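Here come two complexes built around chain A, the first alongside chain B, the second alongside chain C.
Presenting the complex of A and B:
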């Protein structure tokens, strides 16, 4: 019998069983006992040929509908150079595992070292790790790190303006533990950091804020780090790394930890995953950073080489005393970001960020002229902005009509927060990838609906 | 052969990529509000400035310095480095999946949801569990999610005193680390002289403060816990729950289920058992599967099939909430689904049977020359000990591993599990042919001969790599972590 991906012939099986000294493969499973051995096949379908699987998947894929995406909220449709897919598909990158054996993994280790370097350069901080699962889980790791860094602390302050899903993931993390999350309220779409003073105490490990925030708005963190540091607390800034090509970096704000998701740097939408969380920290937090870290060193002949390092932090050494439980991360996605950044250079990053800024402002400016919608808060934004409708019926009609034109007009905030207060808010994202024609198509349809 | 850093090939002004010019109407750029100066970045980041061919050659050369499953045998124990079918790569690259946004209207993502729903059905059948969640991004993330559900289950029942998780000494390091992250106290359970859970020791530690026992079955020695039904009865009787670490699920697909063994929650590693590529350390996918008892606590949103198609369900009150940004590592989930479609019921069973056949064949041959301290027969993996080599010739497990690299093989897992001295943990998987195993055995026996005849060669191995053994101490003492 021939099975897919299993090379054994009948003769092979006979010879191997003989070498082992058993009669049949079933003998190898005798330890499971009659109580546990399944009598029948598992009730899933029979195997299929490659061609049958491809046809079946083709028909499933047809049930996905594509449109021109003006969708964001943590996942953006940016231009990606062809090098990213081509080079990240090289089989040895794809089919290797964590580079435990440095000598036969130098290429992977060096690529991670370059990734760490680029994340440090972009955030302005000193040390970056090899990746985390995603931006939301990077927030969880930042919260854990801040708690570990301050004795007897148990509270993490979190701005109400961070991504609604990241907030949900943080709430799950805090559930049933001795840690708690205290929300910093928002004022007109950004974190109300005037309230910070009254919320700082010995129990506060640090603060997590996000810019651009859940509305796409850019936040001002003037003197926030100083106030936290005076209390012995830390500052974590979550940011879309592409936005950092034009907006102040976490290090320039005085942050101790920078986190986020590198999806905007070379990763496809892919229904939301895999993306790639990143974390960079100040030198003082070097030995507290979670996850894999690659370092350069030398061999006995003085040749430069790369290896996993500072492993005394990690679960396979420290077990329950590790800085995190993370083992597998998002290595291949981090490689895609590294290739993307290598292709773009800093000039390309700035260009992409500026064009996104310009095109988003162009669309926002013209939408704001139309009746029945407003840009509620007059605050700086980058590539995404909140459009608020006068009533729900109008919003539904707007989304439907634009969809009929092949345009995905935006994300309803209430679909993320599940709150009726957010029902009239549509988040519209515009990247450098949206052409002039696509912008005009959006505006023309919007004018027809909102007349 | 060494490859420079790309940043060192930089030349100001050189470009590998150009954007189309900004084509907004004349005059609009002047009308564009400037980003307020206090929000503007002040310093440029140093990124490479190179041509496209520089990028292509750099990463192509780097890839030639990496050993993957496509390059050669990779018997890394507990990691299930089986062949990753090219069909999965082909399908995961389809625009109809890669260009779908996670927050599109649900009527436009029915294809993605059908993949996820059907995969959950298949995984439920394969594991004997009721339902699950695909949100966790890796095995350890699945452990975290499963333990979080256990925590919530006991909080809901008012059993706040259940703060301990029992974990065998042979368990993967992520088990105790995940338990600690969730806020449990970790208590070790001893192994008996057969390498299995010491049932007496377990009994002495079971009381009203125990929330769960975490177990890998077969365990990390590649041995099936033959007392599992007794163990699960004991734990349940004491009011605790059973967690199954699915890292070793490749041993039992289609042969037995964790559900029948009495486990309440399990995680799977789609990047191990279901053949999705490991990507140099990820992305993986670590679905959690549960029985009816824990089903209400699954992460949100659940996927439900209704008359109008697939919908998300957000209203489960007892749910622990979200554990990832969106819905999980979808492209990994898709590859696993493709694998199951291709293999079918008979195929997944054959995979486990041949994984176990290969491991036993390898063990029977290597066992003639090196000690395999536990078990006569094994499941999908086994652990040998280089302890005698060390005593006789001063050759360690590490030396053997490095010598295997010179032979063109990725070494087995070394120094794990901790209960075996100088451990070498082999998992050949079902992908290797008997000829491939025979070549590996010959190489391994050559190394054992060298240990006796010329141990220095092994101590200095590897000899045929771009670098020799690296100065790990220096890497820690003088961290050089970025350019």
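Presenting the complex of A and C:
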């Protein structure tokens, strides 16, 4: 059977033409003038049937190579409860566009409100927005917020150890504006915050750091917030939200802004996206947080209800003086994160984070015993670590041979940064989803290749 | 008809300035508060900062708009009216008794260049 995608039959078309009083499609377009009309048909091939298209796509999909992923770099293969897909695929969520008549959409508003509440709980900060596009987008919004919060500031300090893509987006954003991004260099895999003292001036709006950072390493922010605040500057900490189940929260470090990407919480790998960014701020920055914010209230009969709130920040009221031009959010992805967190609870979140930690450390410990690779920096990490090879040839062989055995051994950092200095760095990510058998397979293969 | 007080000076951005010794009190006029409607939030400027004449210094949000406050005379903010923090509606109740902030020192010649009550009344009538 051939089902065309266009539902109109010839009879439908004849009836429509008749209703408007023309004989044919050519009659309908006759007023346009002959020089504007195509004489021949458009030179594209004839359409294909639904079944043919399905077969074509299947054959492309079959070229995918399956393997056990030890890949990370911002996108991780965690266990996702079945509730996430089942509930988030409900047509009422999947087909909902941004609520223009917001208060009509109580269900969506409540889902967003729950998301905000969870982000506040995880980060320890006071106010969260309805989500942003992704972690890199959240970094730009944090930079913009910090600049707006400090009068006459124009510089945002950014650690060289944040995710390469976030850094790229920040640089793109700053291009051609009066603002500039100044890098805090790294020392042995983490931000060299001793440099902060000499870099703080009146023009500095704030600092963006990330933990776990681009190498998977955990950073120490002792007294960083104090030093920034003494200069009238703000601190933004970017963190994988799942890691916050077992590491110090941004609020505990004294951060004013927490940002990141919620991919680790219920979002599929999906070839790298779409993801969902989050942002939470301290009470003092309530009026400056970008994007949608949902508030809880009561209606005229005292019943609990939800509403878009603090909209004076937004561009449809403040125009060019808006705190940000973001006026949408990643509602469906944020919903998946919300369902994921509701399913796991704090206990499940802590367990996932602890297991990721334990398994990553098991693999790292045993890999470090092998010749030709080192963990180089003796620094704490969570679920991802940098394995540094003695030479590029050895690394290529390692990746190829493990791939032949069905293992994606890691991500070459240079594939993200395009820097020759990163050429020998392989980032290996281990989540709670990797079984003992999978870890042993990896180690057995690694021992064979590196012996 | 908007209320205009005799002893104040006025800017074209609908701010009033009242001088008390070395201090200049700044608020918004009756016309401005009426145009804004119910005021729900006032962003107060940071104390200790110097602002130029014509510089945007704070924002007043009402249920229907968010309007910038344009500083009418150059000076250093020595005080912000914290009463407005929890009770922004005070401006609607009496805009001349509830200033936004105080400048000291301030530019006397710029103050002298602002409109008198009569001039402001004429200015309002021309709008």
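Operating definition for what follows: the second predicted complex is superposed on the first by the 399 of 451 C-alpha atoms of A that agree within 3 Å, B and C clash if a C-alpha of one lies under 4 Å from a C-alpha of the other, contacts with A are read in each partner's own complex, and residues count from 1 in each chain.
The rule we apply is simple: a contact is a pair of C-beta atoms (placed from the backbone, for glycine too) under 8 Å apart; a residue touches a chain by one contact, two chains touch by 3 or more.
In this text, all values refer to a predicted model and were calculated from it rather than measured experimentally.
Once the complexes are laid over each other on chain A, chain B and chain C both fit without any clash.
Aligning the two complexes via chain A yields an angle of 70° at the C-alpha centre of chain A, spanning the centres of chain B and chain C, rounded to a multiple of 10.
The partner that reaches more residues of chain A, of the two candidates chain B and chain C, is B. When the shared chain is aligned, no partner comes close enough to touch A:413: not chain B, not chain C. Once the two complexes are laid over each other on the shared chain, residue contacts for A:373 go to neither chain B nor chain C. Residue contacts after overlaying the shared chain place A:317 against chain B and chain C alike. Contacts of A:151 after superposition on the shared chain: chain C is touched, whereas chain B is not. By the document's definition of touching, of the two partners only chain B reaches A:37; chain C does not.
By the touch criterion stated above, A:68 is placed in contact with neither chain B nor chain C.
After overlaying the two complexes on the shared chain, residue contacts for A:204 are found with neither chain B nor chain C.
By the touch criterion defined above, A:258 reaches neither chain B nor chain C. Closest approach of chain B to chain C, taken over C-alpha atoms in the A-based superposition, is 6 Å.
When both complexes are aligned on chain A by C-alpha atoms, chain A residues 312, 317-318, 321 touch chain B in the first and chain C in the second.
Put simply, chain A touches chain C in their complex at residues 151, 287, 312-313, 317-318, 321.
Across the complex, chain C meets chain A through its residues 40-41, 43, 46, 49, 59, 61, 65-66, 68.
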